[in-house]
Amino acid sequence: MENYTVCQLQKDMRFEGFLLVRTAEKRKDSKGNDYVDLNLADRTGEINCKIWSWDSREQVPASGSAVKIRGTVQEYNGRLQLRVEKWRAVQAEDPVDMQALVPCAPRKPEEMREDIRRTVASFRSEALRKLTEAMLDMAGEELEWFPAAQRMHHAERSGLLHHTTDMLRVAEGLLQVYPWLNRDLLLAGVIIHDLGKIEEMRSDQAGNVTDYTRDGQLLGHLVRGITNLNRAADRTGVHGEPVALLEHMLLSHHGEAEFGSPRPPMFPEAEALHWIDMMDARMNTMKTAMDKTPEGAFSEKIYSLERRVYHPFYTEDAE
Amino acid sequence: MENYTVCQLQKDMRFEGFLLVRTAEKRKDSKGNDYVDLNLADRTGEINCKIWSWDSREQVPASGSAVKIRGTVQEYNGRLQLRVEKWRAVQAEDPVDMQALVPCAPRKPEEMREDIRRTVASFRSEALRKLTEAMLDMAGEELEWFPAAQRMHHAERSGLLHHTTDMLRVAEGLLQVYPWLNRDLLLAGVIIHDLGKIEEMRSDQAGNVTDYTRDGQLLGHLVRGITNLNRAADRTGVHGEPVALLEHMLLSHHGEAEFGSPRPPMFPEAEALHWIDMMDARMNTMKTAMDKTPEGAFSEKIYSLERRVYHPFYTEDAE
Amino acid sequence: MENYTVCQLQKDMRFEGFLLVRTAEKRKDSKGNDYVDLNLADRTGEINCKIWSWDSREQVPASGSAVKIRGTVQEYNGRLQLRVEKWRAVQAEDPVDMQALVPCAPRKPEEMREDIRRTVASFRSEALRKLTEAMLDMAGEELEWFPAAQRMHHAERSGLLHHTTDMLRVAEGLLQVYPWLNRDLLLAGVIIHDLGKIEEMRSDQAGNVTDYTRDGQLLGHLVRGITNLNRAADRTGVHGEPVALLEHMLLSHHGEAEFGSPRPPMFPEAEALHWIDMMDARMNTMKTAMDKTPEGAFSEKIYSLERRVYHPFYTEDAE
Amino acid sequence: MENYTVCQLQKDMRFEGFLLVRTAEKRKDSKGNDYVDLNLADRTGEINCKIWSWDSREQVPASGSAVKIRGTVQEYNGRLQLRVEKWRAVQAEDPVDMQALVPCAPRKPEEMREDIRRTVASFRSEALRKLTEAMLDMAGEELEWFPAAQRMHHAERSGLLHHTTDMLRVAEGLLQVYPWLNRDLLLAGVIIHDLGKIEEMRSDQAGNVTDYTRDGQLLGHLVRGITNLNRAADRTGVHGEPVALLEHMLLSHHGEAEFGSPRPPMFPEAEALHWIDMMDARMNTMKTAMDKTPEGAFSEKIYSLERRVYHPFYTEDAE
Amino acid sequence: MENYTVCQLQKDMRFEGFLLVRTAEKRKDSKGNDYVDLNLADRTGEINCKIWSWDSREQVPASGSAVKIRGTVQEYNGRLQLRVEKWRAVQAEDPVDMQALVPCAPRKPEEMREDIRRTVASFRSEALRKLTEAMLDMAGEELEWFPAAQRMHHAERSGLLHHTTDMLRVAEGLLQVYPWLNRDLLLAGVIIHDLGKIEEMRSDQAGNVTDYTRDGQLLGHLVRGITNLNRAADRTGVHGEPVALLEHMLLSHHGEAEFGSPRPPMFPEAEALHWIDMMDARMNTMKTAMDKTPEGAFSEKIYSLERRVYHPFYTEDAE
Amino acid sequence: MENYTVCQLQKDMRFEGFLLVRTAEKRKDSKGNDYVDLNLADRTGEINCKIWSWDSREQVPASGSAVKIRGTVQEYNGRLQLRVEKWRAVQAEDPVDMQALVPCAPRKPEEMREDIRRTVASFRSEALRKLTEAMLDMAGEELEWFPAAQRMHHAERSGLLHHTTDMLRVAEGLLQVYPWLNRDLLLAGVIIHDLGKIEEMRSDQAGNVTDYTRDGQLLGHLVRGITNLNRAADRTGVHGEPVALLEHMLLSHHGEAEFGSPRPPMFPEAEALHWIDMMDARMNTMKTAMDKTPEGAFSEKIYSLERRVYHPFYTEDAE
C-alpha cells in the first residue's frame, strides 16, 4: 500500500497513513446508533469519512489533531469517501510528517524549543533567567504548535517558535555588531515578546487560528503579556528594574501608538527588539509573496505591506 | 497678632500662623552647629527663615508639608526673613486652611473620600466592590493630596479626588438618562481609572508634581493601573469577567491609540467612562482659561486645547 | 377580528387595522380606470394591495404615512395580497401605534416637543428664548417625525426629538456638576444644534430618509443652520453677542475640522454641547449594537465606531 | 524745499510733505493744555512730533491715515523730532503717493475697483450681477485699503483688491482654455470669495491688520461671507440655485476640511476658484520670498510654504 | 455602401470602413492552414471576424491599430460575424476618423505636436531649447497616441499631448498675470513633465493602457524622467543650472511627498508647474464627471476626487 | 616636550604636535605685510595663533585639515595665544591621531575602505561588482572623511564609512538567517545607498558639515544617487535588471513617502536594506543618547527619536 496524497485518491484505492482532522462530529445513524463524521485532510485536499458504531463513551478526535487511519476509497453521491477500517489518534512515537498535512515551520518544534532553552540557560543574569523560564512555563504546551499570527506572517504550525528562533539568530548577529547591547535583556525580550498571543488567539494543534479570545480583543497580547510577566515576577520573587525593563519591552515592541504600543522603545534593547521583530515579520511576508510570483512579475497588492512585491531576475547578470 | 498673608509682611511685624514648606535643608553654622534653612510660603508669596540650634536627631520638615510657626520679620541683606521663635509640624486637629497655602480642590479631601466610600458601599456587585476597595487600599494615603495632573487639568492639591468625584456626579446624571448602563461597573471604572497616576508621578503633600517616575515614563498609568488591578484580583480572589471588564476600562479610557489607549472602548460603560473623563477634564481646563480672560476677549492659545478660548458676554441680553 | 401583524397574515384571513404606506402609485386597469397599487407594512413585513375604482381627483396617500384599512387576505400568483374593503388616511385622534409600524423614538413626539417647549419657556434670557422659538417655528411640522440620521444613530421616527431631549437631560445633569455654565445658552444650543438636518435630508413621515438635498450636499446642516439662525435673528430683531454665540455653537458642534467644524468649540457651553452630542450619539449606537449581540460575544465591526462591540456578562458576579 | 524721505532727515532741515500716522495720542502739557503726540512715518522710517495748543474739540488723526505736514527737524534728548508748523489731514485731491508711505498694491485702488465694476457689468446673468453688486455694496469703503491677509500673502495696502483683480485675470485666461466653464459664476465667485475678510480682521487705512474680530475668530470669513450673501439675497430678491452655488463656492474655496472648508469644491467653477486662489496666493508668496534672496541662494524657511525657496540663476544659459 | 457604426450592423449587411483592432490572434483551421481571428471595434461596439488562408509570413495586425476592411455581416451561433473580403492596415493618407473608433483628444496629434514645436522654437534660452528637444526626441513616436493616464484624467488617445498643450495655454495665460516668471523655464517644464510616462506604462496605438512597466512600478515617471533628462544633458552637452532646475521641476511637480514628490516646488516656475498640472487634471476630471450627470443631480463618488460632483442649473437665472 | 591637550596649555608652555585648523584667514599687519590668523583646535579646546611674514604665494591651510605645529604659549589681552615657531601641513606618513582632534569613527578609514573593497571583490555577479566599483570611484577621496549626517547619527569624521561597514556586518548576519536573500544585491545596496550624500552636503576634512548644496536641497541624495548610478551604468556598459534593482533600492531605502522615498521597498533585498539602515542609525543615536545619561535616569527629549531615552541599571540583578 503506497503513500498517496489526498488529491491522488481514486475510487477503490486503499489508503493507510496519517491525516489531519479538520472537523469531527458525533451523529446518530438511522438506527439511533452513534457514528462520527470526519473531514480529514492533508495539504493537497480533504476527504470525508464516517466511523460507524462509535463507542459513545469515547471522545471524538479534536479538530487540528492528526489520526492514523486505514480504509478504502468509495464513491457516494458522486463524491469520494473513505470507508474506515481502522484508526487511532496519533502517538508521540508515530513518524507523522506534519509538514505534509499543514503548513509548518521548517524546523521541528522540539529543536526550536531546545534552542530557546539553551539560550535561557546561557543567561548570566539570574533574574532574567528566572523570569523567562517562568514565562515559558506559563505558556505551556500550546507553544509547540502555536502560529505567530492568523494571517500576516508565520501563519503556520509552530510559527511562533519559528518567528522567535529566527529573531534570536538575528539578535545574536546584532550583538556582534553592537556589543554594548545587554545580551541577556535583548534575548529575554525576544523570547517573551509574543507569548501573550497564546491567550490572545485560539489555535488548534495544526496551527490554525479559529478566532480571537475575549482578552485578545479587549486587551491584546502586549497587555496580557505584561500581566503574565507580573505573575511570573510574583512567582519567582524577582522585582524591580529587570521586571520594569521587560514590561517596557513588551509594551513598546510594536514601536508606535498607531500600531498598539502606547510607549515607543526607550532604551536600546527595546529599540532593537522592535526592529528585529519588524525585520523578521517583513522578511517572512516578502518571502511568502515572492514565492508565489514568477520572476520578472509583480504580485497582487499584499494587504499587510500595502504594496505589490516584485520578483527580480536575480540571474540577469549575463545580459 | 493678626492673620497676615506672606505678601503683607513687613519688617518688625510679628507673625503666627500656618505656612507651607517649599524647601527645607539642614546646614551647619560657622560654629559647626546644625541649623535648618527653610523657605516657607502661602499662595501670596515666599519668605526665608532659619531655625538655629537644630537638634540633629530631629527630622527636617518635608517639602510640601505645612508647619505652624511664630516669629518676627527681620531684614537681612535687603530681604525679609522670619526669625523663628516657635514652630511645629501641623497636626490633624489644626485648623489649617490649605486653600490659603496652595491651589486646592474646592472641597475637603475627607468629604470627597467619604463620597467615594459611600458609592462603593452601594454597589450590588460584590466582585466590583471588593476590587474597587482593594484598589483604593493600594492607592493609600497619597490619594488625599494627589493632583490629577502636573499641569493640564485639576493641577491642584487633592485634584485627583476632585476629578474623580465630579466624574461620579456626571456619571450619576448619565445613569438617569441611560438607565440600561450597568451602574456598578461604570462607577467602579470612574473610581479606579486614574489611580495608577499615584505611581506615575511624584507629588508632595501640597499637590505639587515634581517629576515622573521610571514606571510612569516606561509604562504610564493605564498599564500600571492594570497590573495593580491584577494584584487586587489576586488579593480578593475575584477573577474572570469583572476583572477583564475593568482591565479594558482602564486600558481604553483615553479613547484612541493616539492618546495612549491601544484599544478603543468596546462596551457602553467603557465608552461612557471615556467621555465623562474627557468632559470633566475639558470643563476644568476651559473654566480655568476663562477665569483668566476678561469678558469679550480671547485667551492666549491654550496648549492642551490647541485653541484660544473666548469669554462671552453672557449678560448681553439687553442689546 | 383580531389584531394581526403582517407576518401572521394567511390566506382568507380578514384584517382591520393601521398600516404604513411604503409605496403608492396610481395606475390604470385594463379598462382604463384608475386604481392605486399600494405596498403596506408594519415592522414585521409588507403586503401588496390594490384599491380599485380610484376617484382620480383624490390624492394618493403619501409614502411614509399611515392608513386605516380593512380587507381580506387573498393569494395571487402565489403571493398574499390584501383585497381592500375600506380605507382612509389616519387622523389625529386615531389610536395608531406607530411603534408597531416603524422604529420609533421610545416616547411620543408631542411629549418630547412639550419638554422642549417647557425648557425654552424657562429661559431667563429673552434674546435666547426668541431666537430658539423662531428656529423651532422655522423647523415646522417635520420635526415631529424627522430622524436624527439616515443610519448612524437615532435612525428612527422622531429620532431628532429623541436625540434632542436626551441631550437636554444630559445637559441638565451637567449643569448640576458645573453650575457656572450658562444654562440658557447651553440648552438653546442643544435645541437648535441639529435643526438644519431638516433641510439637509429628505424624510418621509415614517422617519425614513430617502436622500440628501442639494443644500445638504453643497453646504451641510451646520452651515444651513447658521443661515437659518441669521434669518431668525432678522425676524426677532435680536442681534449681536447672543447670535454670534449660537452661530459658533452650531459651527463648532462637530468638534474638529475633520468632522465638519471649521472652528473648534471656543467657550465652555460650545465645548459642552459638542461632548453631549457625541455622548448621546455614541450611547445610542453602542446600545443598538449591543442589543443585537449575545452576552459574551463580539458584534461585527460597527462602521461608525470603527470597532467591534462586546456584550459583557454583567451578572458574572458569582463566579 | 526738497522732497526728503524720513531716513534722510537731519537736524535743522525743513520738511514739507505727506506722512503716515502710526500712532496719535492727545496729552496734556505741564500747564494743562492739550497737545498731540504723533509718530509719523514713511516706508523708510519714523519720526516723532508734537502739535502744541491742540483745540480740544478737534479729532485726533486716525492711525493709518495720511497727513500733510510742514515743519523743522530738531533734536531732543538725542533723537530727531519734527516741530510742526502746519498740518492737515489728506484730502481726496492731494497728490499723495501711498506707495512711498506703506507697502501698497502695484496699481491704484480706484483702477482695480473699476476693473471689478466692469467685470460685474459684463455678466449676462442678472441674478449673479445683482448678488455680486450687493456684496460689493455691503463691503463698503474699506475694500479700498484692505489687505488680503495679515502676513501670509498680499499683506499690503489694497492687497485684497490686488489679489482679487489678479485672480480675475487668471480666471479670464482659464476661460480661454476651458470655455465650457460658466464665466459669470466663476468671476462672481472670484470677486466675492474673500469679502468676508473685511469682518474677520481689523485694518487701518494703511492696510495694516491690528487684530482679528470676535466673528473672525468664532466663525471665520468663509461663514461670515455666507451669511452676508444670504443678506444680499434677501435684499435683491434673488433666491435658489445661484445663491446656493455661490454659498458653496464661498464655503469650499479653501479646498479641504483641514484648511477650513467643510465641503470640497463640487462643481467645476468652485474647483477652479479654489485653484486660482491657491495659485495667486502662492505666486505672491514665492515672489516676495525670492525678491529677498540673492541669485543662487536659498531663503530661510518660509512659514506659510513650509519650505525654503531657491532663487535660480535664470541667465546661466552660457555655461 | 453606407457608413455604419458597429452597433448598427445586422445580418447580410455589407460593411466597408475603418475599424480598430482590439485583439488579433493567428490560429490554425481544421485543415492546418493559418487564419487570423480578429475582434474589431469602433466606439459603439465590437464584432468578430476571421481572415482565412493567412499567409503565414505576414504579420498579424497590432492590437490598438486601425484597419480598412470590407465584408459581409453573417450570423454564426447566434452572434454576428464579419466575413472579410478585403482588408489592409491603415495608411498615413487614409481619411480615418480615430475619434469615431476610440476616445481621442479633441485636436489632431500633429496639430498639437506642431504647437509644442513652435513653443520650443520660441525659447530664448538655447540650453532649455536643446534639452527640451532632446527629451522630445527620446520620447519618440509613441507620444502621438499616448494617453496621460490609465484612468484618472485625459485617458484617451493622444491624451498626453492634450494635457500638455492645454497646460501650455494655461501657462501662457499665467505669464500675462505674473510676467516676472521665466517663460522658457516654465514652458520647458510643462513640455517635459510627463514624458516619463511613456516608459512608465504600456499603451497601444489606440491610447489604451494595458499595464505598468517594471520601471514604472519600481521608479515611476518622475524619476525615470530625471534619468532621461540626464541622458539628454549628456547628449546635448548642456550641464549645470538649467539641468538642475528642470530635474527639480520633474521631481517636485506632484507637489507633496504624499503624492510622490520627495521635494516640494522650491522656485516659482516649479510651483506654477505643479498648480497648472493639478488644475488641468482636475478640470478634465470634473468635466468628464459632469458630462455624465444630469443638471441638478449629483454624480456617484468620483474615486480620484474623493467626492461627488454636482451638475448645476447654470440657466436658473429666471426664477 | 610633553604631549599636551589644548585645555591643558598655560602661559609660557611650549607646544609641539598636531592640531586641527578650524578657521584660517590671511590678513595684513600694520606694515602691510601678510600674516595668517589661525584658530587651531583639538577635542578639548581651541587656541588662536598668528603666523607672521606669510609668503603671499603660499596657500592658507584649509579649515578642517590638520597641521603640525611648534610654538610657545603667550598671553595677549588676557587670552592665550600660540606664537608659532614652525609649522607645516600634515603629511600622509604623520602619526596624527585624528580621534584626539575631532569625533571620529572608531576604526581607521583605510581599514573600513578595505572591508568594503574586499566585500565588492567577493561578489559573484560581475554586473553588480562593476556598478559598485564605479560608484565608489565616482565618490572619490571625500568618502575618507565624510560623516553620515550633519547631526542625526554618525555625525563624525568617516561616519559614512562607519555607518556603511556596520551595516555590512548586520547584513552578513541577516544573510545567515535568511539565506535566500541575494547576497551580492543586498551588499551592493548597502555600499552605495548613501554615496549621494557626498553631493548633498559639504563637509570639511574633519567631517564637519557646513551646509547643503543646491542639488542636495533641490533633489536630495536619493535622486542624485540614482543619476550617478545611471552614469556608472553608462561607464561600465551594464544595463537592464541589475541597474533597475539598484535604482529602486536607492529610491526606496527611506521606506516611506513621508521620509523621502516615493516608492516603498518592493523586493526583499530592498526591504532588508531599509531596515538595516534604520537599525544602524537608531542604534547609533540611542547609544549616543545613553552615553550622555546616567544610569537610572532619562535623557532630554531626543529630537530625531521624538522621545526621551532611559539608561537602565543593567546590573540590578542582585536586588
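Letters A, B, C, D, E and F name the chains as they come in the text, with residue numbers starting at 1 for each one.
Rule of thumb we're sticking to: a residue touches a chain if its C-beta (ideal position, glycine included) is under 8 Å from a C-beta of that chain, and two chains touch if they have at least 3 such contacts.
If you're wondering where the values come from, they're calculated on a predicted model, not measured in any experiment.
A.B. asks: For chain B and chain E, what is the smallest step count along a path of chains that touch one another?
C.D. replies: 2
A.B. asks: Using the touch definition from the top, list the chains contacting both chain D and chain E.
C.D. replies: C, F
A.B. asks: What is the distance, in whole Å, between the centres of chain A and chain C, each centre taken as the mean of its C-alpha atoms?
C.D. replies: Spacing between the chain centres: roughly 51 Å.
A.B. asks: Nearest whole angstrom, what separates the Cα centre of chain A from the Cα centre of chain D?
C.D. replies: 68
A.B. asks: Please compute the C-alpha centroid of chain E, do the same for chain F, then give the distance between them in whole Å.
C.D. replies: Going by mean C-alpha positions, chain E sits 48 Å from chain F.
A.B. asks: Could you tell me which residues belong to chain B and also touch two or more other chains?
C.D. replies: Chain B, residues with two or more chain partners: 214, 217-218, 245, 266, 298, 308, 310.
A.B. asks: Per the touch rule above, enumerate the chain pairs that touch, sorted by label.
C.D. replies: Chain pairs that touch: A-B, A-C, A-E, A-F, B-C, B-D, B-F, C-D, C-E, D-E, D-F, E-F.
A.B. asks: Could you please specify the touching residues of chain B with respect to chain F in the complex?
C.D. replies: 214, 217-218
A.B. asks: In the complex, go through chain A and note every residue touching chain F.
C.D. replies: Checking each residue of chain A against chain F gives 125-128, 166, 169-170, 172-174, 176-178, 180-182, 185, 239-242, 245, 264, 266-269, 271-272, 275, 278-279, 282-283, 286-287, 290, 298, 305-314, 316-317, 319.
A.B. asks: Within their complex, state which residues of chain F touch chain E.
C.D. replies: Within the complex, chain F contacts chain E at residues 214-215, 217-220, 222-223, 226-227, 230-231, 234, 244-245, 247-248, 251, 257-258, 260-263, 266.
A.B. asks: So in the complex, which bits of chain C are touching chain A?
C.D. replies: Residue positions touching the partner: 296, 298, 308, 310.
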